[in-house]
Amino acid sequence: MAGHELTAVTMPKWGMSMTTGQVVGWLEEDGARVEKGAEIVEIETEKTVNVLEAVESGILVRTIAQAGDKLPVGALLGVIAQNSPGNEAIEAFIEKFQQDFTTRDNNDASDNQPLDITLADNITIAYQYLPAGQDGDNLPIILLHGFGGDRNSWLFNSAELNSGVYALDLPGHGGSSKKVGDGSLAFLAHIVSEFMTALDLPKAHIVGHSLGASVALSLAHSFPAKVAALTLLSGLGTGTEVNRQYIEGFLAANRRKTLKPWMQQLFFNADMVSRDMVEEVLKAKRIEGAEACLGKIAAAAVLAPAEPNPAPDLAQLTMPLQVIWGRQDRIAPPDQTRDLPDGITVTIIEKAGHMVHMEAAKRVNKLIRDFSARTGS
Amino acid sequence: MMQSSDQLLLAYRKMRTIREFEDRMHLEFTRGDVPGFVHLYAGQEASAVAVCANLTDRDVLLNTHRAHGPAIARGSDIYAVAKEIYCRQGGICRGRGGSAHLHDVSVGLWGANSGVGSGVALGCGAALAARNRGTGGIAVALAGDGAINQGVVSEALNMASIWKLPLVIVFENNGYAEATGADYAIAGKDIYKRAAAFDMPGIMVEGHDYFAVYDAVGKAVTRARSGDGPTIIEVKQLRYYGHFEGDAQSYRPRGEVEQYRQDKDCLKTFRSIFIAETPGNAAQLDAIDREVMSLIDDVYAQARAAAFPADDEFMHYIYASDCQES
Amino acid sequence: MAKKSYRQAVNEAIQQEMRRDSAVILIGEDVAGGAGAGGKDDAWGGPMAVTKGLLAEFGAERVVDTPISEAGYIGMAIGAAAGGLRPIADLMFNDFIGVCFDQVVNQAAKYRYMYGGQDSIPLTIRTMIGAGLSISAQHSQCLYPVFSYFAGLKVVVPSCPYDAKGLLISAIRDNDPVIFCEHKLLYDMVEEVPDSPYSIPFGEARFVRDGGDVTIVALSRMVHIALEAATILAEQGIDCEIIDPRTTTPLDVETILESVAATGRLVIVDEAGPRCGMAADIAAMVAEDGFSSLKAPIIKVTPPHSPIPAAPNLEKLYIPDAARVIAAVHKVMGRKD
């Protein structure tokens, strides 16, 4: 049986809390030839819908799970074969898999439990660390989420970057302290710098989304030695042109029904916003002090009047820098990337909104991986 | 405690105002434009007025369903009181409570409840809040003779005593719990004697004598304010009208009210004591009587003329939050 | 964030609110549990040890053991609320509402309305609900439908530790009287609960499980019974959506109707009785406003119209279980058992 090189396609685990997923439908039919990395099956989690990629090239010899099936993480969805092993071998493989399969306890030790570290002034930063895989020997990557988000917004990215990945919750967000100083980018960047020092990370590839991109840029200006490379998603720093209505609407909403329409504006495909995704954001906003912190950051770092031309700011930077944007971004329009200085790679991704790293995870992951490799960071 | 001449004239004015207000209500009620039922306080005026003369702005008076007299005594706007009884706009409870539930937080008068004796437990809370918050205030709970037989009153008296709450409980014994005689319904007949069982002082006082009630309440208020705990005061009195208007009162002995009016009317008693000390005061009292008469005319005219609450405000005042359950 | 029990979540909510606001006090029978008894003055912390440790931090001025006088101390709590405190009154078992009904439904509920909005009663009454401990008919009822009848009260029925903490903080900060119903069989349930204070707004139901075939509305402990049933039903290919209203006043009818519009089928699982209960109430609302979405009659899964027995075998028959929920779902799906 081993000689036939059969590979199980299993229910993925996207993000900490995922225990089951629902099969939306196969994108490839039984018997189709699939390449490693090809999108083969659509899976809906409590949070959103995403596409599972083939882990091996081969023939999709069995699609076992049916559209609508809700299955635990690790459950068998289908089988990919290198050769033509024959029905008997495939059936034996499936039988053996099902015999051995036990639902994984979501709380087992292999899970990446959230970590936290306390910095000066008793500011605690919650973060998640994923060690580099076997073929990843790059510098670490630090992921900085956007306004009102947290580390979970990287659930489709963290594990796919071939580097040690630190996804942290910015102050005032997620599980981090509800202390944001004056709410300025300088303060937030200072905290990221302190975080790197505390974890003994002299240098990293900083990937920032939206507000996180602004923090990343501030860090690059103030602590250039710590930034090996910069990937900016849907944001260009202080000069970014931002949809004020969104920021104000998001801040004011404290119920599912009022928040959801705003969150849908973040995506090209509004169906990406599940009830659970909204609930997670609400849970974070409900924590005492969170809304006050967000208000402070909004005033000081997001809505603060600035010249809507970030180009000169970017031109001063010496480290490699790339910009990624969703074409249908309704929060920060993509045309503001037009007049950036030479030498900055700009990728505009079609059919993606502000949350480009969720909606086009595969594309974005590859851009980040390649950038890490190309820049030697 | 000595009262100034001004204080005494104010007390007389309040007693006279209550009397005129209630006598007029007795007549007006028969016109049929007072909604619901009303319980009149005529005959009992000295009690509420003497209690209130001992209180400050920080204190709380807990009203009973026989609510008009205590509201006027505590200083509620008499126009707003009348409008409330007529269930009109401008009533102190915006027409939602009516005669039996007069409540005016602006003067430290807390709600009358229909459940007899409720104010004693609520008064424990008012006293507890005043003590915990360090306001220096006390609470005085009014209750009728019927209330002493309520379980919650015994519970509240016990709690007030074990925690030495700054509370005074005034039982206005007007002889009847609705149509049932107090002497029939109360074991041992004397309410004030029950104080001993709750380890607190009990005082009995004749309710037609403003000065006697004032002194008794004064002692209890001093005790409460100094942290020594609660006192029960039983005020013996008589109501001049029925339990509610329309009550034929055939359960009462003939001539009872007439005799009491002649011998023990609180206004007459006050006048005779006040004039005995300073004969020249009679003219002042007469002037008050005339002023009160014309005030009452105006109060009733305005109350009858006021509009009823707006229909589109039907769902108002149910919840403090914006959540209006439909 | 750490895993905490429902008991700890309730305790933490009270502790954090008492620290935040000196007007918050806790009163009730044995909330400290040992006043004047000669031994430890906080031996109990409530019969289920929910308020354990609070006396030591806040003292007897703010954690007050009362005599056994429900009418007296609930009345006192109302007066204290009117007087500027924010009392949390512990009515040990909700069945004891019988002796303080006047205070709760005639005084607290109507204080704001009957006095024309002059002031409000920021009072939280914590009380235990639910059967399952063989403590018979006067210690085991679910009386939140009774409380929900009265305009002026808000009624909370948390089904999990996260909700218990966030909803209790909301209750304590709310300016209206709130009856907070803790199911005694949930005290040991454990889940992630944030250490910081947070508040969950009233009147927003929680989607416990998304599904497209049947809407199950379940309250308090019944949420877990519904989940158990839904897991089994999923294996049979039936996908249940479970909604936990979290508060019965205000009630998030909108979310229930929205779900029924998608599934066309409704099963209501409630540990309160079948007559004049939440199940009947919700069924009536959906029949009135969501009739055109319904593909099958609404089914109520409730105990029988009976007092609660002490005998464990009879009590087991009384409380709705997963099998009854599954049978009800089969019925609305048109399947034969």
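We call the chains A, B and C, going by the order they appear; numbering starts again at 1 in every chain.
The rule we apply is simple: a contact is a pair of C-beta atoms (placed from the backbone, for glycine too) under 8 Å apart; a residue touches a chain by one contact, two chains touch by 3 or more.
None of the values given here were measured: they were computed from a predicted structure.
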{"item": "Overall pattern in which the protein chains touch one another (line/ring/star/complete/other)", "value": "line"}
{"item": "Reference chain A; chain at largest CA-centroid distance", "value": "B"}
{"item": "Separation of chain B from chain C, taking each centre as the mean of its C-alpha atoms, in whole Å", "value": "40"}
{"item": "Approximate Å spacing (C-alpha centroids) for the pair chain A, chain B", "value": "70"}
{"item": "Centroid distance [mean C-alpha coordinates] between chain C and chain A, Å", "value": "38"}
{"item": "Parts of chain B lying in touch with chain C, wherever the complex brings them together", "value": "60, 91-97, 101, 103-106, 110-111, 113-115, 118, 120-130, 132-133, 139, 151-152, 155-156, 158-159, 162, 316-321, 323, 325"}
{"item": "Chain C residues touching chain B - in the complex, by the definition given at the top", "value": "23, 25, 61-62, 66-67, 69, 71-85, 87, 99, 102-103, 106-107, 111-120, 122, 151-152, 154, 174-176, 202-203, 249-251"}
{"item": "Of all residues in chain A, those that touch chain C in their complex", "value": "46, 68, 70, 114, 175, 178, 254-257, 274-276, 279, 283, 286-289"}
{"item": "Interface residues, chain C side, partner chain A - complex", "value": "1, 166, 194, 196-201, 204, 206-207, 210, 234, 237, 239, 254"}
